[in-house]
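Letters A, B, C and D name the chains as they come in the text, with residue numbers starting at 1 for each one.
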Amino acid sequence: MQLGLIGLGKMGGNMRERIRRAGHTVVGYDRNPEVSDVSSLTELVSALEGPRVVWVMVPAGAPTQSVVDELGDLLSPGDTVVDGGNSRWTDDEKHAEELAAKGIGFVDAGVSGGVWGLQNGYALMVGGDAEHIARVQPIFDALKPEGDFGFVHAGKVGAGHFSKMVHNGIEYAMMQAYAEGWELLEKVDSVTDVRAVFRSWQEGTVIRSWLLDLAVNALDEDEHLEKLRGYAEDSGEGRWTVEAAIHNAVPLPAITASLFARFASRQDDSPQMKMVAALRNQFGGHAVESAE
Amino acid sequence: MQLGLIGLGKMGGNMRERIRRAGHTVVGYDRNPEVSDVSSLTELVSALEGPRVVWVMVPAGAPTQSVVDELGDLLSPGDTVVDGGNSRWTDDEKHAEELAAKGIGFVDAGVSGGVWGLQNGYALMVGGDAEHIARVQPIFDALKPEGDFGFVHAGKVGAGHFSKMVHNGIEYAMMQAYAEGWELLEKVDSVTDVRAVFRSWQEGTVIRSWLLDLAVNALDEDEHLEKLRGYAEDSGEGRWTVEAAIHNAVPLPAITASLFARFASRQDDSPQMKMVAALRNQFGGHAVESAE
Amino acid sequence: MQLGLIGLGKMGGNMRERIRRAGHTVVGYDRNPEVSDVSSLTELVSALEGPRVVWVMVPAGAPTQSVVDELGDLLSPGDTVVDGGNSRWTDDEKHAEELAAKGIGFVDAGVSGGVWGLQNGYALMVGGDAEHIARVQPIFDALKPEGDFGFVHAGKVGAGHFSKMVHNGIEYAMMQAYAEGWELLEKVDSVTDVRAVFRSWQEGTVIRSWLLDLAVNALDEDEHLEKLRGYAEDSGEGRWTVEAAIHNAVPLPAITASLFARFASRQDDSPQMKMVAALRNQFGGHAVESAE
Amino acid sequence: MQLGLIGLGKMGGNMRERIRRAGHTVVGYDRNPEVSDVSSLTELVSALEGPRVVWVMVPAGAPTQSVVDELGDLLSPGDTVVDGGNSRWTDDEKHAEELAAKGIGFVDAGVSGGVWGLQNGYALMVGGDAEHIARVQPIFDALKPEGDFGFVHAGKVGAGHFSKMVHNGIEYAMMQAYAEGWELLEKVDSVTDVRAVFRSWQEGTVIRSWLLDLAVNALDEDEHLEKLRGYAEDSGEGRWTVEAAIHNAVPLPAITASLFARFASRQDDSPQMKMVAALRNQFGGHAVESAE
């Protein structure tokens, strides 16, 4: 089938390649003309026969909103828009309603797979009406990994991005789990080969996983991670997971601890620990360290 | 080779079977005569040709101490004791010294694999002198999973149990990660098939793992886990991991949150939240719920 | 001076009384005619000479929005609206703009004091233009505690509610701190009189505070808090504090832990701990507790 | 009455002064001859009439153990030893038994008050037999603050140090609470005078406390704490509180978060966040920061 694909960055570019390998036609658009198949959204829409399916793969928030607005003007009743970016689930219902008013279908798709997706396939969590999802199914089948897993119709509009968001929240806490264990092992003298311990865990243990395999890769490249700073960005999904938990009164202690550890990792000095130091000095005359 | 194996419970019994299948001779002893091959430790020691290797697989603390003491009296210089139970790493050095004084070697072995170990093999993390470990290697090879992983000489005496302990700490936080994500997904209306979401994650995602596969098994048996109470025991390892972290001034927020969640799960009512309720009532006249 | 006061509940009713005791005229309106001085907002506005000051003391969200909208229609340029309710700080700017378009001033006021405010005074944190605040100052002076503290012009519009929100976040963690300590003391056998320990802390310690005094009051009424359930509601401010922290990438581990403890306290059974129990059963054959 | 006082550092020196002001005789010993009244423990014991009371105020662990051992040799039946240092509660029973075997009484005393104690009095939490405590009561009365509070017989031997330990745990979380709130307020633009907000909270709020007064002192000296590094030591009590909680299966999320924040504050770079950064790079090709 034909697919319009908007956004050809690290993710979108690889996805175009994987869909084409499966025998489909992809018309890609990106603001960067060097990677783009067409020169405008108008041209992209013209290049597709109806009923069209257009996959949006641009940053969440204003960029996605702007593309959805434009597509609302350019597309026709019976067409379908897929938002495969990292949109917050709360945006999906708004986009779906906006497009539904014009007879255009909407599917939200959370996509996992990172730089490995081209080769291994992308895990897809989608939300929306079964009718709209059916129109995109050949593309989903091309993107997903081989085998029985890697694709789910998770529920109503928004359920795809919500599931992907929770996936990322879980990912934060799993990464934190390995990281905490690694630091503790590195700290003690009796364990003389921490890399070998991690490596050995890849079979037969309760904690074997793909992330563990990646940790071993990283340690194979840099045994004590001496080339890195302990500095970690966070994307929106981790924050949104905690916000969704707060909204639903669900306690998420491990995931939230993982998010906060990232926040702290990006501070050169901790304002809150200045206050703790100041208080200790006030009541106990405890020495403080000067900022210089 | 020959092995003496003390403790034939859920773990020890299966390990005897797996070692025998590999062609070794196992003389097993257990206080339960129905599963025991011999009727006493003395008989077990007599049944083995020197230099002997005796594997201790009994509960940590007093039971292990008592067996180590007895073996110290019964064994001969050149023999080797393996503690494959869940001993705290701090006990290992004591046991090693006690036995070394009599010329007996000591190896501590952390063993992972649970009820799946008989079939898939047991992951082994061992600590001690290379010379002592070499004496046990054929047994380790019989127990470990096939392939390149699942066995590590982690370091000095104690390093095996320490590594296994950290493994379990990581396991706590990984379980908590999936559990938090599952609760959040179950809570929202838009996600209509949480089990299908978990199932789909088994391929192509960042969070695929053996524990995830087990979660899917559990949901296949009981989709909303309605047959279970939210009640989780903790073994010593989770606690010891946090204690080791405190001792080494390593922050472990996610692992500790996971341990505390288990503590809280076992309280019928939370004393600390009684105090919070009492304080809210004192300053704000906020309603409290009576204990009845 | 004259004040219009909308909302005469537990807080508003006591505030009217304290302002009147200071010699001011208060025209109060409430949907409950039994406590209301006038029968409508229109009547309230008519009863005040210009330039008017009207204090809104109704629940955050839709109720406050609706009153602000009505006041925008009823009031005149040069009048001033004070939102003394528990509005989220993000609402303040919207309200200020809406009213400014009609020449009406806006001040947001966070109010602390609970049931003790009538007697001891209310701590006030206000945000807005100095000019608007000056119009309300006699009322602030009547409400605040005696002495040098208890009133602050915290900053721009929104700063009053933001400061009050953070106050409540701190309050959550302080309550949690005492509660955790109390539970631990109650748990050990050697400490035979926990209430006496708390009582003794009221002088000379680093942790003496008004909340500690309240804890002692509560223990004096019910030594082991046996009459209460460990069940604590949370108001919006705790949640908003964590959301603001996430928005600003500030780690708030203690405050967030306190919020999550309240969430957990309201669950009859913990879904996430069902999943942990299910996983333990899957890999280790560990016993689970059935839901019945 | 007469008191022997061993250890005349920052705490002990001030305590000697306060006890003398109350009219008692203090014979003080310190390894530093410049502050010492006598030149040896033997001389100290000789200088006191029986039945003697000797207060030990030296660092926890080996130093206290050594003094207790010496006093066991030097003192006579009917004498009493008070351990007023920061000993772990688990040491107290051992010391009590050791001395009881010689007919010497033992009282453990947790002492709070810091540099303010000389002037305001020291809060005292004591454990032991009523009979032994009675022998020391005049000294306790001299040390404690005026008024009804500041002294408690908390329970059996060990209960004094246990109560003081929990006091310090609560103190950690209270400091963390103010510190988190302060950082969040400093972070947002709308709040233009955070110091004034803290100052205002000293009356009428739910969170007024002595620690808040100290925070205001600190901000008065250095409004944005720019002269300090966000670096905080921890004493044994915080760690022991968490260990006691683990031993008793009591969840202490806020206190533990506060302890971990201190651990993290002392790391130049975070090993665990290196691992998180490495994992993000592995699966997502996310940029990492190099260590240089």
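Rule of thumb we're sticking to: contacts are C-beta pairs under 8 Å (C-beta built on N, C-alpha and C of every residue); 3 or more make two chains touch, one makes a residue touch a chain.
Fair warning: this is a prediction, and the values are worked out from it, not measured in the lab.
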item	value
Length of the shortest touching-chain route, chain A through to chain C	1
Shortest contact path, chain B to chain C, counted in steps	1
Between the pairs B-D and A-D, the one where more C-beta pairs touch	A-D
Farthest chain (mean CA position) relative to chain C	B
Recurring contact interface, reference A-C, options B-C, B-D or A-B [over half identical by residue number]	B-D
For chain C paired with chain D, centre-to-centre distance based on mean C-alpha positions, whole Å	33
Between chain B and chain D, centroid-to-centroid distance (C-alpha), Å	37
Euclidean distance of C-alpha centroids - chain A vs chain D, Å	47
Set of chain C residues in contact with two or more other chains	114, 176, 178, 180, 183, 187, 206, 211, 250-253, 257, 260-261, 264, 272, 283
In the complex with chain A, residue positions of chain C that touch it	206, 234, 239, 242-243, 246-247, 249-253, 256-257, 259-261, 263-264, 266, 272, 283
Chain D partner contacts - residues on chain C that touch it in the complex	89, 112-114, 117, 120-125, 127, 144-159, 162-163, 166-174, 176-178, 180-181, 183-185, 187-193, 196-197, 199-212, 241, 244-245, 248, 250-255, 257-258, 260-261
Residues of chain A touching chain D in the complex	10, 114-116, 175-176, 178-180, 182-183, 186-187, 211, 214-215, 217-218, 222, 225-233, 253, 261-262, 264-265, 267, 269-286, 288-291
